[in-house]
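Below are two complexes that have subunit A in common, paired first with subunit B and then with subunit C.
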Partner chain A sequence: MNQRSSNLLDEALGLDQVIEPWPLRGRVVAIEDQVETSGSFVLHHLLKRSLSPNSSNVTIFIAFSQPFSHYDRILRKLGCNLVSQRDNSRFFFFDMLKLQCPDGDEGITPEGGLIALYGKIHKTISALPEISWKNVSIIIDDLSLMEVAANGSSDYVLDFLHYCRTLTSEFDCSLITLNHEDIYSSEDRPTFFIQMEYLADILIKAEPLATGLATDVHGQVPKCYSCFIVG
Partner chain B sequence: MAESIYRALRDGALEGELAPALTIKDSVASPFALQVFSHVISQLFSSILAGKSQSRGLVVVSFSRSPSFYLDLLKNKGTDVASSNKQIQILDCYSDPLGWKDQLAGSRNFTALSNEAMVSSNAIVFREVKHMDKLYNSIIELGKGLVGGGKIRFSIAIDSADEMLRHAPVSSVARLLSNLRSHDQISSIFWLLHSDLHEARVTAVLEYLSSIVASLEPSHQLANGQRGDLENFSLIKHNSKKGKFHVRFKKRNGRVRVMSEEVHIEQSGINFASLPSEGAINQGLVPKVQFSLQLSEKERIDKANVVLPFEHQGNGKPIQIYDGRRSLVDSKHERPVSAVENVQTNENCGSGEIIYYRDSDDEMPDSDEDPDDDLDI
Partner chain C sequence: MAAAKTRTSTFSRNLSTAPPSHGPGLKCGPNGTVFLSSGIPDLDKILGGGFPLGSLVMVMEDAEAPHHMLLLRNFMAQGLVLGQHLLYSSPARDPRGFLGTLPSPAASKDDKSRERDPDQEKGLRIAWQYKKYFGENQLDGQRDGKHEYSNEFDLRKPLERHFINGPRIDCVSIQDSDLSTLRDRCATFLSQFPRNDGSISCAGRIAIQSFCAPQCAYSNMEWDMLSFIRSLKSMVRSSNSVAIVTFPPSLLSPSFCKRWQHMADTLLSVKAIQDEDKELAQLLTGYQDMVGFLNVHKVARINTQVPVILEATTFSIKLQKRRYLVLECLNQAPVDGSSGTSYGTSGGCSSSSKTGNLDF
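This part shows the complex of A and B:
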């Protein structure tokens, strides 16, 4: 089932064929999940495909949620060694767990905050050979925690996401984000969440089955999740 | 019907009047506003190039797409964009809307790429999107650069109003749009709006500013608004390829015209078609259950023959239903009854009797005046 579900996802995203040049180049992919159904397995899968030995793709991983060791452990089980990828400059890990944007500045200073993060990403990609630019994936895990780091300013996060999107036009790279639907479900008008849906070229939703959760979990990728893709 | 929109924009403004303004509105359930917007741009630009429109140039204020998106769009429609930089200019509010790149370049953490120069003959970067006044001036300047001063007009396309509303209060955005409409060199103006990103009053403000409002709705409403439910999946698939397109025109003579069409999204672009009849849609949506929901012919006839309760009094005689034209003298002392049951029997039929008990002796007797006396029927 793992294999089958991965293949369906790969097929839908065009990842079952050649992955160089990266099929998602120039696109924004938004993954949406809920507490009952975590979408991080999609993130891990895309990371694994991006770092496949058959390609020279580069991934820039912006982590607000977990430290490096967490992803290293998971990807090891999927057959991918993040440490060696990092050493080979194919995997760049930006640990943002401690990021706290300066209060009230709202990103005015380029030294701190999300403006600096954007600058860092831009610099990292520019430093690569031009031929690799379209094989770069920027992965953000996850947007709700980025909002927390930005002191709740969703406008500031949206500005940052806009600039990340300009990177996809400038370098033809791809942007993959994860966000949690149920955090915003209590709002009358979950603007930030809907904005992301408009921004995305591909939307992947991880939902629990109508019949409810099954307790059968196989490794890191639960069997019981239903997943559909709207492009 | 999409033709009518295109014609209104092409014909432009009359002397001394506000320029026609179009809002293209959608929501996440049918997010096709960009396709419609692109379609309108390419149609309008073709007519500008052919000299068939009042406007002689097009300024695209691009917030959510890069300038190359629009240039490629027009190129794919067969327009020679390279030589048409006297007819189209793009105010690039996409690449660096808040001036972050400038700031980073200032702190030497940043190397700006030179490929931005690629589109520079058709695009100017604008870095202060929070300032609507500066945006207004830049738009006008860009337009005048295209068509010169004097009486020649140009059109404006804004992608999208949502981004403007994110960066500035609705009053500033409304003022900008209103000033653009009243400028005597603007022929027509249109913008994109995602209605679910804003409060209803904000959407209403922009609709009031428009002479044409085109809204996109899903073909099939999803049950409970649930998008994730697998049962709704086939409906979602339908909704991803087509939708309903409603247009409301405010005409010069004050009349409002409302039209609807179906819009189909295809690889090559979008197509408009007239709406199928309601029955065809409804039949597709009748739920499949194990009992019959339709009436057979015999059942229909039997139903028509049933005499309804208020049409008879059980004694086999037909009675007339009180229709307000008889006098109320006989009914003065009656307890008030509901209009449906206010039955006036024939004089011949004496089987009915009304017994009236006053609630208390203190109660004033009913006045002899008929309250309906002053009616002049």
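This part shows the complex of A and C:
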């Protein structure tokens, strides 16, 4: 009935079949990229899949990187209308471009700012009809900018992510994040990054081609780790 | 069927008629973006039209040569010549002094000298002819409005006084001021060009030179500088302007350097050329004329996820007739003997007569 073109990425994540519940339910997906190759295309693809007409998914998009118009145009080309999804309460866009939590200023501490953000997410999910609770995706673009917004307090960002992780078990949400691997590979103790990788159930890395530039192929996604925790 | 507010299909008719006409120095690009010129026509071509409005351009400096100043000068002069507003910031005590070094647009009769010297190409004529036709297809659309969008600049001729003394320029010294002052000045400047859906009457340019230079009081506050760049980027995104920030990457820790690189929409770097590098001289043609290298690491992708496909990422910076800044692809020199890589000799006409040993 619904001919959907899927690709290897869909197959690897189990998104090529039209099944309910959504295969990424209850999972944390971490997308990693570098300066040379942006991983945002994976994010856009997952966003499109989560808003597909077959699923009853609700997506909460926390944007630190680009304004709504940017994603709207891109998703429109992919065949998904974000404006109508937003009007139908299937897509919630939190514009965090201007969020800045300076230390102790006006009572907005980094911790406070992120707590408020978490509260907002929790409130949004709770306000949904109960049947939708099991089909929520939280997408964060991107984590390194969240650290900047928190003025470098990576601990608070980690706490925030742990709280979001509880949502994946409480509400069966999926959490999809984007971060830049090459920032942390040059650090002495990349605690934040390692913790994030540990938190993730599925890790997708976007890398440039070993052979350099090519017209048709912009990069490669060589690794897609999936850990199933049986317990 | 009652007219419902929600659309039933995912497609909506594009109700806009003709694309809105914009002021001088602006041209429409793909995906609803509007470009302004970098001041270097070759760079505009490489980047697919110019710098899109709302983007942040970052240039990584080379401590050994001030080539980033060439980019800044052309960028600033282009804006002033076309009536765009400019905010310039540098670590110098009096940034206004730098304005005296801005170049003037080249006189139009000199444009013909831009074409490559025909005598050199006689032996290569067939291959070069094709390239000429491909180039012309792109230029045709631009030709009419060419002087309204971008100019060739003569680096030996200073910009006329009346451009520099106008009310459209603001200068800020970042040596003593702190980041919140600079942020406020940028915010005030950018508030003149809010982004809305109509036609754009006026655009702005921000040029910040050597942002993390050690003379600046804040230069050791890494997170504060990063959050300044982030807020600058978000302010620029919601306005009709382009900001260029140059910085010396060696003064930042590697992890922060990467963070800054990720912030940029368009990321360039300049490199000095060592004098008398004999190996490089043998490897590249035209080495003697090169002043430096320009690397394009990232090209802005606003409203799209499709990257701009570059022919190459490294270009040589040359000063033609010691006046005009040109960027050229690197051409590998013909290789002597049969052990050379195939690239140098696959150009057909460019093989030298000494390659008789080649067996293909």
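Basically, the second predicted complex is superposed on the first by the 197 of 231 C-alpha atoms of A that agree within 3 Å, B and C clash if a C-alpha of one lies under 4 Å from a C-alpha of the other, contacts with A are read in each partner's own complex, and residues count from 1 in each chain.
Assume contacts are C-beta pairs under 8 Å (C-beta built on N, C-alpha and C of every residue); 3 or more make two chains touch, one makes a residue touch a chain.
Since this is a predicted model, take the numbers as computed values, not measurements.
Q: Which holds for A:L167: it touches subunit B only (first), subunit C only (second), both, or neither?
A: A:L167 sits against neither subunit B nor subunit C.
Q: Going by the contact rule set out at the top, does A:K205 touch subunit B (first), subunit C (second), both, or neither?
A: A:K205: touches subunit B, not subunit C.
Q: Touch test for A:L175: subunit B only (first), subunit C only (second), both, or neither?
A: Touch partners of A:L175: none, neither subunit B nor subunit C.
Q: Now for A:N81: first (subunit B), second (subunit C), both, or neither, which partner does it touch?
A: Only subunit C is touched by A:N81; subunit B is not.
Q: Is A:I121 in contact with subunit B, with subunit C, with both, or with neither (first, second, both, neither)?
A: Once the two structures are laid over each other on A, A:I121 reaches no partner at all.
Q: Looking at the overlay, what does A:V35 touch: subunit B (first), subunit C (second), both, or neither?
A: second
Q: Scan A:Q195 for contacts with subunit B and subunit C and give back first, second, both or neither.
A: first
Q: Looking at A:V148, would you say it contacts subunit B, subunit C, both, or neither? Reply first, second, both or neither.
A: A:V148 sits against subunit C, while subunit B stays out of touch.
Q: Using the touch rule from the top, collect the residues of subunit A that touch subunit B in their complex.
A: Subunit A reaches subunit B through residues 107, 110-111, 115-116, 118-120, 122-123, 126, 155, 158-159, 162-163, 166, 169-170, 189, 191, 194-195, 197-198, 205, 207, 209-210, 226, 228, 230.
Q: Spell out the part of subunit C that touches subunit A in their complex, as residue ranges.
A: The touching residues are 5-7, 10-12, 31-32, 222-224, 226-227, 230-231, 234, 237-238, 253-255, 257-259, 261-262, 267, 297-298, 301-305, 307, 309-310, 312-313.
Q: Which part of subunit B faces subunit A closely enough to touch in the complex?
A: Residues of subunit B touching subunit A: 28, 31, 66, 68-69, 94-98, 100, 103-104, 106-107, 109-111, 113, 115-116, 162, 166, 194, 196-199, 227-231, 233, 236, 240.
Q: Can you tell me which positions in subunit A touch subunit C when the two form their complex?
A: 35-36, 38, 40-41, 44, 66-67, 69-70, 73-74, 76-77, 79-81, 84, 87-88, 97-98, 100, 144-145, 148-149, 151-152, 180, 182-184, 186-187, 213, 215, 218
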